[in-house]
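Below are structures written as C-alpha cells.
Look at the two complexes coming up: subunit A is in both, with subunit B in one and subunit C in the other.
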Partner chain A sequence: MSSTAYIAGVGVISAIGNNVPEHLAAFEREEASMGEITMLDTIYHGKIPVAEVKLKNNELANMTGMPPDISRTTLLSLVAAQEALTDAGIPDLNKLRTGFVSANTVGGMDKSEDFFIDFIKDNSKGKLKNVYDHECGSVTEIVAEKLGLKDYMTTISTACSSSANAIFYGARLIKNDVLDVVVAGGTDALTKFTLNGFNTLMILDPEFCKPFDEHRQGLNLGEGAGYVVLVSDKVAKTLNKAPYCKLSGYNNSNDAYHQTASSPDGTGSYLAMKGALEKSGLRPSDIDYINLHGTGTPNNDSAEGTAITRVFDPKYPPVSSTKSFTGHTLGASGGVEAVFSVLAIKNGLIYPNLRFEIRMTELPFQPETKFRKGQNITHVMSNSFGFGGNCTSLIFSKI
Partner chain B sequence: MLSEKYITSSCTISKGIVSKNGSNLFEGQDSDTSAFLLSIYQHFKLNYPKFYKMDNLSKLGWLTSEILLKDDFKPHLYQPEQVGVVLANANSSLDDDIKYYASVSDVPSPSLFVYTLPNIMIGEICIRNNFKGEHALFVQEKFDADFIETQVNYLLDNDLLEACICGWVDVLEHDYKAMLLLVEKEKGEQALPFSKDNMNSIFINN
Partner chain C sequence: MKVYIRSSACISPQKTFRDEDFLTDAIEYTGTRLTVIEPDYKEFVDPKMLRRMSRVIKMGVATAQECLNNANNVMPGAIITGTAYGCLEDTVTFLTRIIEQDEEMLPPTSFIQSTHNTVAAQIALMLQCHGYNNTFVHKGISFESALLDAMMLLNEREADNILVGGTDEMTDTSFTVLTRLGLYRRWPVSNLDLYSTRSKGSIGGEGAAFFVLTDKPSPDNLAELTAIRTIYKPTTLKDIEKRVVTLLAENALTIDDIDLVITGKSGDLRHDEIYEELDISLFKNSALANYKHLCGEYPTSSSFALWLASNILKNDSVPAITMERGDIKTPPKKILVYNHYQKIYHSLMLISAI
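Up next, the complex of A and B:
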C-alpha cells in the first residue's frame, strides 16, 4: 500500500497553448482563445465560436511521430501525455509497473464523420480505416503503446467528469499497490457530433462565454488534452525533483435528476465537494482556490454556485472558471483543469475568470477577475460535473 | 454463492393488454402507441408529471415497472445499491431517434434529443424508485432468455445485487412489447423459479 498518490508530472494542450509554459504565459496575458471555426466543415461557420487547438492534424502528427490520418483525439492525447511523462522524468520507468488511465467522450468520431460523407451516398464507398479507431478505447490503446505504458490501461467515459474520474481511479490504483506509476487524464477533439449535440441542447453561447455572470448564455466548446503523472511513495523518493503536490481528496456523486441538466439545488456537486473534503480530512476553510466546473450555462453555474454556497458559506475561497480561456474541453476538461490546479499550487497562482461583469443574483460570491501570482496556495479544489449528474471533485494539496 | 432465485412478480404490456402475474388488468382501445400508453397511465391513476416528458420507450418501460412493482415490491427490504436493472430490446431508441431526426430540419428538439439513448429508460425507472445498483441494456434481435438468465444470475450469485428487474422493452412506432420480471432471492407467494423456461413462457404467452 502507498499512503499517498503524488503528482510528479503534468502535460496539457488546449486552445491557449500547446504545452505547460504556453498556458502559463496565456493566463498571465489574460488572453482567451475562442474564435471562428476553422477545422470543421460545418454550417455553423461564423455563427458559433469555438476554442480550437491552433495546430492542424499534420502538425500534431509531426510533433508526435504519428501518422497524420489518425483521430485528432489520439494526437492531442499523445502530445499532452508525452509532455507529462517527460516532465516527471521517472528513473528506470521500464522497470516499474506502469499504467495509462485515459478518458475521452468522442473517440475517433472526427474520422467517422469523414467516413460517413462518402458512405451515406454509396454504401460501397468510404475508407474503412476511418472507422477502425471509432471506439473510445482505441484512442487509449494507441497512446499507451506509443508511451510504453505496458501493465494496465483503461478508458473512462462519463461525459464532462471523465478525466477527473480517470485521475482518482489512477490514484486508487497506486494507493492499492496495483501500479507504481499512472499517467491519468483525458482528451477530446472538436467534432461535428459534439457541436451539433450541444447546439441541439441550446446551451452554446453565440458570443464568448461568461461563466458565473448574471447574463451568461451558455458554453463555448473547446478541445484539448491534459494529464498528470501519479506516482507512489516508493517512486516519489527516486525522482530527480520533488513532486508538485499530492491528490489528497476525491469523490464522485450523482444527481440522478435529468439526462443532461444538474439538479437546481446542486445535490450531486454538493455531495462531490463534501465527499472530497471528508476524504482529504480538510475543512472548507482550508481550500485556497476552487477551479470551477463553470461552463457558462445558466443551469450549471446556478447549480454549482448553490452547492458551493451550501459547502463554503460564509467564507468563500477565490474561485474562477478557466473555461473562460480554453472553452469547455468536455472529456478532457477534468485533466486539463487538474493540470491548472497543480500549477496553481506550484506557482502560487489564481487564474482570472475572463469577461465576468455582474454577480449572479442568487449567489453571495463572485469569481476572481485578475491574474494573481505569488499567492500561498496549499489546497486547490477542482470541480468536474458531467451530463447525467455525474459529479466529481478533486483536491490537490501541497506536500 | 449460488442461491435460489424467484420471479416474484411479472408484468407485460403487449397487443393492447396490460397483464400482471398472468391476469389481464387492462385492455386499451387505442391503436396509436402514444394514446394507448397515456390510457394506461390514466387507468392506473398514476401521478408522475415527468411521464409526459418521456419518449414512448421510457413511457412503456416506466409504466411496466410501475405496475410490476405495485404491491409486490418491498423497498424497505433493500438498500438502493442492492436493486439493479437488466433489459434488452431490438430497436434501441430508434422510435425517438426517428422523431428527433425529423425535428432537425426545423429546430432540433432538445426534449427529443435527450431520449436518443435506450438506457435513459433505465435511468427513468431508477430515478423513480431510487435504485442505484448495476444496470445494463442490451440491443439484441430477439428476446434471449438464456442471455438474460446468465446476466442476472451473475449479479445475484456474486451478491452484486439482491434484487433485479429484468426483461424486454421494445417500441418502434406501432409495434411495442414489454415484459418485466422482478427477480428476488426470497420466495414470495406467487413465485416461480427464475429460469429461462419460465421467462420464455411468460414472454410467449403475452
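Up next, the complex of A and C:
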C-alpha cells in the first residue's frame, strides 16, 4: 500500500494550446482563445463565442495515428494522455500494473449527432459506425488500448466535476494497492448537444466570459483534455526526474440542493474544500493559490465565492479562473485545471483571471489579474463543481 | 476488513421488488426485449417531480429508497452508481429536438436530466445527503467499478453504509440501434426458452439494483461481498481460468469450495461458448445457475446477479428457475458470479454467507 500518489507527468490540450509548453506561453501572453464557432454545424455561428481547440479532426488524427472519423472527444483525450505518459517517462512501464481512469460527459456524442440526422427520418438508416462508440466508456477504452494501459480502466461521469473525481479515484487505486501507475483526467469536445443544452439554460455569455466579476453574464463553452500520471511511492523512486508534486488532499461532497443550480451558501463547495484541507492536514492559510471552478455564471461564482469566504476568511490566497482562457471544458475541466495546478507548483506561477474589472459586491476578495512567475507555490487547491450538486476539490503539494 | 451487503432492492422484468416470493413464479415474455415491472412510484417521489422523470431516474430513485428502507432507513455515507448508457430517454429526446426543431425553442428539462449522474444526484437531493457521490459509466463494468469504489471507501474508513447501484434503461431507440448492431435475436423467443434455442443474439434487458454495503457485522446482513475482480479482454480460456483460480486462492478457496456458480449466459451462442467451455473444465463439478433469461442482457446486469446471489444466501435457497445443473448443498455458503459483456469485459464476484 502506497501512502502517497505522486504526479509524474502532465498533458493538456485546449483552445490555448496543443501541449504543455503552448499553454505556458499563452498564459504568459495573457491571451484568451474564444472566438466564433468554426467546427460545428449550428445556427449559433457568430452568436455565441466558444473556445475551440485549433486543430481539425484530421489534424488530431494525424498527430495520434488514429482514423479521422472517430469522436473528437477520443482524439483530444489521446493527444493529452499520450503527452502525459511520455512526460512521465516511467522506466519499465510494461512490468507495472497500469490503469487509465478517464472522464467525459457525453461520450461520442459528436458522431451520434451525425447518426441521428438520418436515423430519425428512417430507423433503418444512419451509419452504425457513428453510433457504435456513443457510450462514455468507449472513449476511454479506445485511448487505453492505444496507450497499452489495460490492467484496469474505467470512466467517471459526474458532469463538470468528472475529471477531478477521476484523478482522485486514480490516486485511491494506487493507495489501495490495486495499481502502480494511473493516467487520470478527462476529455470533452464541443458538441451541438452541449452547446444547445447550456444555451437552453441561458447561462452562456454572448461576450467573452468574466469569471468572478460583478457584471459576469455566464460561461463560454470550451473543449479539451487534461491528464496527470499518478504513481506510487515505489514507482516514484525509479523515475529519471523528480515527480512534480503529490496529490495531498481531495474531497467529493454533494450540494444536495438542485439538479443544476448551486445553493446560495455554497454548501457542496464548502464541504469539498474543507474536506480536502482535512485530508491533506493543511490549514486554509497554507494554500498559496486556488484555481477556481469560476465558470462565470452568476450562480456558480456567487456560491463558490461564498464558500471560499466561509473557508478562508479573513486571509485569502491568490485565486483565479483559468476558464477565462480556455472556456469551460466541462468533463475535461478538472483534468485540464489539475495540469495547470501542477504547473503552478512546478514553475512558481499564478495565472491571471482575464477581463476582470469589478469585484463582486458580496465578496471581500477578488481574483488575480496579472500573470506572475517566480512565486513560491507549495500548495494549490483546484475546484471542480458540476450539475447534480457534484462538488470536488483537489489539493496538490510540493514534495 | 470484511465487506457486508446489509440490504438490497431490485426492479427488474421479474417480480423482484418487495415481493415475498423469491422468483418462484417467473414471468414469461415472448419477444426480444424485457421491460421492468414498475412499482407505483408515488410512494417514493413527489408526484410533481415524477412527471418530469424518465424511467431510469424513477426506477433508480425508487430502488435506492427501498434499499435504504431495508437497512432501517439509514442515511448513506456515500452514493455510487454505475450505468453504461446513463439517461438515454432524455438524451434521445433532446438530440431529436435539436434536429427536428433546428436548434430553436428547446426546453431544457431533457438536457438537464440527460447527464449520467442524474440518478445519484436525485438520490442525494431526495435524502439531503452531502456525502461522497460518484457515477461510473464504463460499459460492461460500470457496476463493478462502483462496487470497487465502495469497497475502497470502506477500506479507507472514509464512509460507512455506502449505497451502491447499477441502473440501465432500454429505450425504443437503443433497442432499435442495438438490434441493428446484432446484439439481440432476429425472431421472438420465450425468455424461458432462451438457453434451449441456440442462436446468435440475446434478448435486451434493463433494471436497477441497489445495495447498502458496510464493514459492520450483523445477523441482519444478507451476505458478505468477499471479492470482486474485472478482466479486460482475456486472451484465452486458460487466462480466465487462471484469474478465477487466483481470486479464489487469494481468499483461501478452491473451486470445490464454491456451492454455486452463477454465470452470465445470455443465449447468444457467440458469447455463451466461453461459459460452455468452462462448464466442462474449471466448473465441471460445480452446480450452475443462470440469470439473464430473467432480466435480459444489459451492461449492468451483474447488479441483478449480485441481488440474486445475496438473496440466495440470505434465504438459504436457490430459485429453481435459475438452476441449470447440479445439486445444491443446503444451505449454500459460497457463490461465484462470473459474467462477461460482449466477451470484452469480464467480471468475477465472490459472495459468502455470513
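We take it that the second predicted complex is superposed on the first by the 399 of 399 C-alpha atoms of A that agree within 3 Å, B and C clash if a C-alpha of one lies under 4 Å from a C-alpha of the other, contacts with A are read in each partner's own complex, and residues count from 1 in each chain.
Everything that follows uses one rule, which is that contacts are C-beta pairs under 8 Å (C-beta built on N, C-alpha and C of every residue); 3 or more make two chains touch, one makes a residue touch a chain.
Please read these numbers as outputs of a predicted model, since none were measured by experiment.
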Simultaneous placement of subunit C and subunit B on subunit A, clash or fit: clash
First, second, both or neither for A:G335, with subunit B first and subunit C second: neither
A:N123 touches, of subunit B and subunit C: first, second, both or neither? second
Touched partner set for A:G186, first subunit B, second subunit C, both or neither: neither
Subunit A residues touched by each partner, larger count belonging to subunit B or subunit C: C
Touching partner for A:T154 - first (subunit B), second (subunit C), both, neither: second
Touching partner for A:T260 - first (subunit B), second (subunit C), both, neither: both
Overlap of subunit C and subunit B interfaces on subunit A (superposed complexes): 196-197, 199-201, 256-260, 388
Contacting residues of subunit C [partner subunit A, same complex]: 79, 84-86, 91, 94-96, 98-100, 102-104, 106-108, 111-118, 120-122, 124-125, 127-139, 141-142, 145, 148-149, 152, 155-156, 173, 176-177, 180-181, 230, 232-233
Subunit A residues within the subunit B interface of the complex: 196-197, 199-202, 256-260, 388
Partner subunit C, residues of subunit A touching it in the complex: 42-44, 105, 107, 112-113, 116-117, 119-120, 123-124, 128, 131-132, 135-138, 140-141, 150-159, 165, 169, 172-173, 175-176, 178, 192-193, 196-197, 199-201, 252-260, 267-268, 271, 386-390
Touching residues on subunit B, where the partner in the complex is subunit A: 108-110, 113-115, 117, 120, 123, 126-127, 132
